[in-house]
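Shared between the two complexes below is subunit A, which pairs with subunit B and subunit C, respectively.
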Partner chain A sequence: MPLGSVLFAFVVGALIVGVTGANPFSAYASLICGGFGIACTQGENPALQISSTIVFLIPLITTGVAVALPFRAGLFNIGAEGQLLAGSMACTAIGIKFNTLPTPILLPMVLVGGMVAGALWAGVPGVLKATVGAHEVVTTIMLNYVAQWLLRYLIIGGPLQLGPGTSKSLPIGDGARLATILPASNSLIIFGLPSSVFRVHTGLLIALAAAAAFAFLLWRTSFGYEIRAVGQSQKAARYAGVSVRRTIIVTMLIAGAFSGLAGAVQIAGVDHNLTDKYFSDTTGFDAIAVALLGLGSAVGIVLASILFGALHSGGAIMQSDSGISGNLVLVLQALILFSIAANFVGQIRRLLPGFGKPAPLPPELPPAAGLMSGAAATPPEVT
Partner chain B sequence: MAHKRLRFLGVVVAAMVLAMACGGTSGGGTPAKTYKIGLVTDIGGLNDKSFNHLADLGLERAKTELKVQGDVKESKTGDDYIPNLADFATKKYDLVIGVGFLMQEAVGTVSAQFPTVNFAIIDGAGTDAKGNDLKHTNVQSLYFKEQDAGAMVGAMAGWLEKNGKAKKNQHKIGAVGGVSIPPVNHYIAGYKWAAKMEDPSIQVIIGYSNNFTDPAKCSGVAQSQINQGADVEFQVAGGCGLGVLQSAGKAGVYSIGVDADQKDADTSVIASALKKVDVATFTAIQSVVKGQFQAGALTFSIANDGAGYAVDNFTLPADLKTELDKIQSQIKNGTLTPPADIPA
Partner chain C sequence: MSGLGDILHLLVTANLWQATLAAAVLLLLPALGGVISERSGVVNIAMEGMMLTGAFFAVVADLAWHNVWLAVGVAVLAGALMALIHAVVSIQFRADQIVSGIAINIFAAGLTVFLVNRIYGLQDVGHVGQNEGIPYINVPGLDQIPFIGKVLFQQNVVVYIALVLLVLVHVVLFRTRLGLRIRAVGEHPQAADTAGINVYLIRYSAVISSGLLSGLAGAFLAIGVSNTFVPNMTDGRGYIALAAMIFGKWTPFGAFVACLIFGLGQAIYDNNSIIHISPYLLSMLPYLLTLIVLAGLVGRSTPPAADGLPYVPGSE
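So, the complex of A and B:
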């Protein structure tokens, strides 16, 4: 079915290109060249294209997981972007403050710091959802804005600003940086280009590990079982002795840690400082599409991330080679999402039992139920 | 089954080899050299009615007048700067142009990786992460004397106040800057300096919105200046500044646009201070075509027609026209030098 959605998007995209009088085949050829380095005709370097696709897909995997995990518990985490920003801010702050520490100490510090910040950022909506029933869609969206404006303050006039008149932070210390997979040298020639051009970094391994951890957590641990139980039916889960509140809060904390890790890896592996480009970052929103397209499975998320990463890096090539606006890529992404939504309306409803209802907490929970969560943890006998 | 897959793989590999081989040959053979120019926009995109749009106009002019091949990549996010610049450089373009100071670091990084490719950057230099100019020998910085353009519109505002031709004529005018950074303050410096030159009793109210995108923020700052009696409002705040123009329109006072000709933004716009990014872009391309590319800073001002002003929804009185022409020629020949820092 996801393949059908992608196919649908590309067919409609081809029609749009055709209607505007351009050649859809040359558009897609250059898109494929830009994304995968295959069949390039205008002198693109295939290795460079593959490298930039990988750089783009790394944060998509980790944030995709951060959307998919709450999704399994029936929660819609729209706040992956804010959590990613929280992670990148924490990573930068720690990486600057302790910039003299060596890699073995500082690198884990910035990555864990990013995870903790992201977890806190997602934990707030989690706690609010579990205690007062505030809908996580609203709270996570709002916290995205809080993160964006906090970031803006930090690097424009705030404590992380590089200097007056700039809108970026100091660079993080060398010890806080993730190594690139190829040596970052301007003189060493690999694949016909200086090796520093290829920016693929070891964050790729971290992202793949995150996807694996997500699958393990969901399918091989009892907590994963609880997440799925809550996602299927909160009532049934409660009856089976699962603490719904605890599950919601812990799920959001873990999801936020994944997003925060994505932000920290982006700073440690690619940017090395916070800049104004994070004002317009959309990774956390693309992640929603990635998680949906990947059907919430680890393998699916990795594949969907590859597709979206390739679309991103292919768009620029398409514009310069075929003269078709790179915005077509955004149209394709929207069409993919659209057709998924159209095909899976029923499924989304099933996965999100609380979505659209005014009171997300089940009505039979009495107001003082917070005090009873201990009692709820000792289950009645279930056959 | 396995056999079939293997054959398919073989076909794919053959296609790739063929494609790469074709790519290799098509680049070299042509006898008359067509210069290839790559333009990378910042996240504003081509339709920003400002920098990126003007740079594209310069490229289009070069395509017709200099017969260059010009290709554009719009950056969707800040993550695109480096890949977009690197792709043009990989294809050995003769000049790769980055638009705007947001791309400084990216230009600094990529120009080090491709020392044989020429780069130009509007309003910035190739820098390291700390914003220090790396002074690479393949990077040309295209800067502007914003104070020249600011002085022209400042003179206009000052003359209107002095001669009682503005709306309230309380000898008060305003300027709304986005953030207090050098390019913004250059404009305001020229504006205030020239207004004082025309009308020594004038008071110039300066405020900052600390924002470049949200018109509501600038609108608030402009409103308070108008309430204090200002009747000419100069916006130096990009998209945020549209709020200044609209507030002036609502209050029935004059406003002045910035960077590009903002005649159509509001009927209150009597003039625009111009930063001619199109001229700068064209000049940079021309220098490459003529084989005269030079690294380092190239500054555009009234003297080389890289800065100036446009008269918009307003008919210039003949006296004012004479006065402005006089000031423009004096700045051109160096008799008058608008200051880069805001005068007291």
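So, the complex of A and C:
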């Protein structure tokens, strides 16, 4: 089903490109070149494109996990973006304040600081959901915007601003930075380019560890069992002795910690300061597509992150090579979401007899579909 | 210079309240759309995307045909078309309505910029001519009333339309058979179906109405308040409208009160030269207030019972 959804999106995307009078084949060729470094026509360096894709996919894995984990508990975390921003703000604030500390102390501090900030940002919706039944979709949306405006305040006129008239923060201390995987040298030539242009950083290992931790937590711990039990049926979980309230709150805290980590790693590994680029960051929304396309599994999330990382990296090349706006990537992403949610592929197969077996209806999704039901209106009972 | 005194002085100026009402209407239209859609049982977080689409096509049509009413019509249709996608995906295909809403918003953000690039190349979209925006009209006679005249009767045409729509939506929802049917479908679709109400028809119409209203709001933003299209120009207004809908407990007038509060914040923000708080901190207020309401500190806000549940005919 996921591959079908991607195919569906690319076919409809090609139609949109074609209808507006451009050549979809050259658009997709440059998209693939930008994403995977293959079939390039304008002399792009394949290694550089792959490096760019990896840099993009790192935060997608971690935030994808932050969306997928609550899914398993029947919670829809639309707030990964706000949690990520909270993490990046905390990381930057700590990295500036203690900029003289050495790496072994400061790096853990900024990463843990980011996780704590993200956890708090997700904890509020968790507590509101568990106590008064406030719907987490709405509360996380609100907190996304609170985080965005807080970010603007901090770096425009606020305490982290680099200087008057700028819209970026001071840089974090050297001790707060994650190393790149290749040495950051201008004289060392790798793949025909100075090694410093390859920005892949050790955050990749952190992201992969996050995906592994997610899988371990979900399938190998008793809390993971509780998360899944609550996601299947709150009532049944309660009869089995699971505290639904506690599970909801802790699940959101952990999810927020993952998103916050993604934000902290982005600052520590790539940007080293907050900039206005973060105003229009969409990682936390891409994460929803990543989690759905990855069917909520760790391996699926990593694979979906590779796809979306490649799309982001490819979008820039598509724009410069074939003159098609990189925003086509957003269109493709939305089409993938529509297709997964509505199970278009299954529907088409149902309509064509003899074309595989009938697909189930309604679509098999992580248990997000039922979450607007009674659970939204009534808080979980006290056990 | 005392900050508080300045704010108090600002609060008694008619200019501020005139701006407040205009800003509130920009939120009210999508909020009314949200109320209608969710009252029929379809969760709608897609007002942002429908509004953005409306804004874009209003500018495109106005630049192409130099006819403002044609442009408004195109914007309203464009919003409705986006809503139709949401309706097909979430009613017909019974998809998760939140995922569909997110997809609409991403789709709109991507498609509008993609089309700007296809239609206008890498340049700016261009500006709508001075006389080709949605006009401001002073109501003769009434606009001379001190204070109230300026606030209520020296406004954009869309403001008047929105206030009429506000009353209309309220009356339809709570005083007519149609409204009763919409609410029945949103509370208990199975029972409504048994009573002979066409659940799908009601839900389709309700979702499409939300697109019409959001598209109108987009047109007001792009060729009324502003005179061009810039990427992502709705800037979260569709989400503030969503907040207003919840804040107002899924009622038109409740949502309007919330829109006025948020609109006042916006108007003060625009006058921030005399306010000594960072405008960015002020911008958080609508969202924080909504969180407080959701936390139950100002009374509970409960959605319609079947909100978000796809209807499967013949199901329990």
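One rule holds for everything that comes next: the second predicted complex is superposed on the first by the 343 of 383 C-alpha atoms of A that agree within 3 Å, B and C clash if a C-alpha of one lies under 4 Å from a C-alpha of the other, contacts with A are read in each partner's own complex, and residues count from 1 in each chain.
The definition used in the following text is that contacts are C-beta pairs under 8 Å (C-beta built on N, C-alpha and C of every residue); 3 or more make two chains touch, one makes a residue touch a chain.
Remember, predicted model here, so these are calculated numbers, not experimental data.
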Going by the contact rule set out at the top, does A:Phe285 touch subunit B (first), subunit C (second), both, or neither? second
Please work out whether A:Leu205 is in contact with subunit B alone, subunit C alone, both, or neither, and reply first, second, both or neither. neither
A:Ala236 in the overlay: touching subunit B, subunit C, both, or neither? Say first, second, both or neither. neither
A:Leu170 contacts which: subunit B (first), subunit C (second), both, neither? first
Could you look at A:Ile156 and tell me whether it touches subunit B, subunit C, both or neither (first, second, both, neither)? both
Check whether A:Ser325 is in contact with subunit B, with subunit C, with both or with neither, and answer first, second, both or neither. both
For A:Ile105, using the defined touch cut-off, is the partner it touches subunit B, subunit C, both, or neither? Pick first, second, both or neither. neither
Report, in rising order, the residues of subunit A that make contact with subunit B in one complex and with subunit C in the other. 156-157, 280, 282, 325, 327, 329-330
Residues of subunit B touching subunit A in their complex? 12, 15-16, 19-20, 22-24, 26-27, 38, 43, 71-84, 86-88, 90-92, 102, 105, 112-115, 129-131, 179-182, 210
Spell out the residues on subunit C that touch subunit A in their complex, using ranges where they run on. 43, 45, 85, 89, 93-100, 102-104, 106-107, 109-111, 113-118, 232, 236, 239, 242-243, 246, 278, 280-281, 283-284, 287-288, 290-291, 294-296, 300, 302-303, 305, 307-310, 312
In the complex, go through subunit A and note every residue touching subunit C. 16, 20-22, 76, 78, 124, 128, 132, 134-135, 137-139, 141-143, 145-146, 149-150, 152-153, 156-158, 280, 282, 285, 288, 292, 323-325, 327-335, 337-338, 340-344, 347, 361-363, 365, 368-374, 376-377
Listed in rising order, the residues of subunit A that touch subunit B in the complex are 38-46, 48, 52, 55-56, 156-157, 162-168, 170-171, 186, 193-194, 196-197, 199, 270, 272-273, 275-278, 280-282, 312-313, 315-317, 319-320, 325-327, 329-330
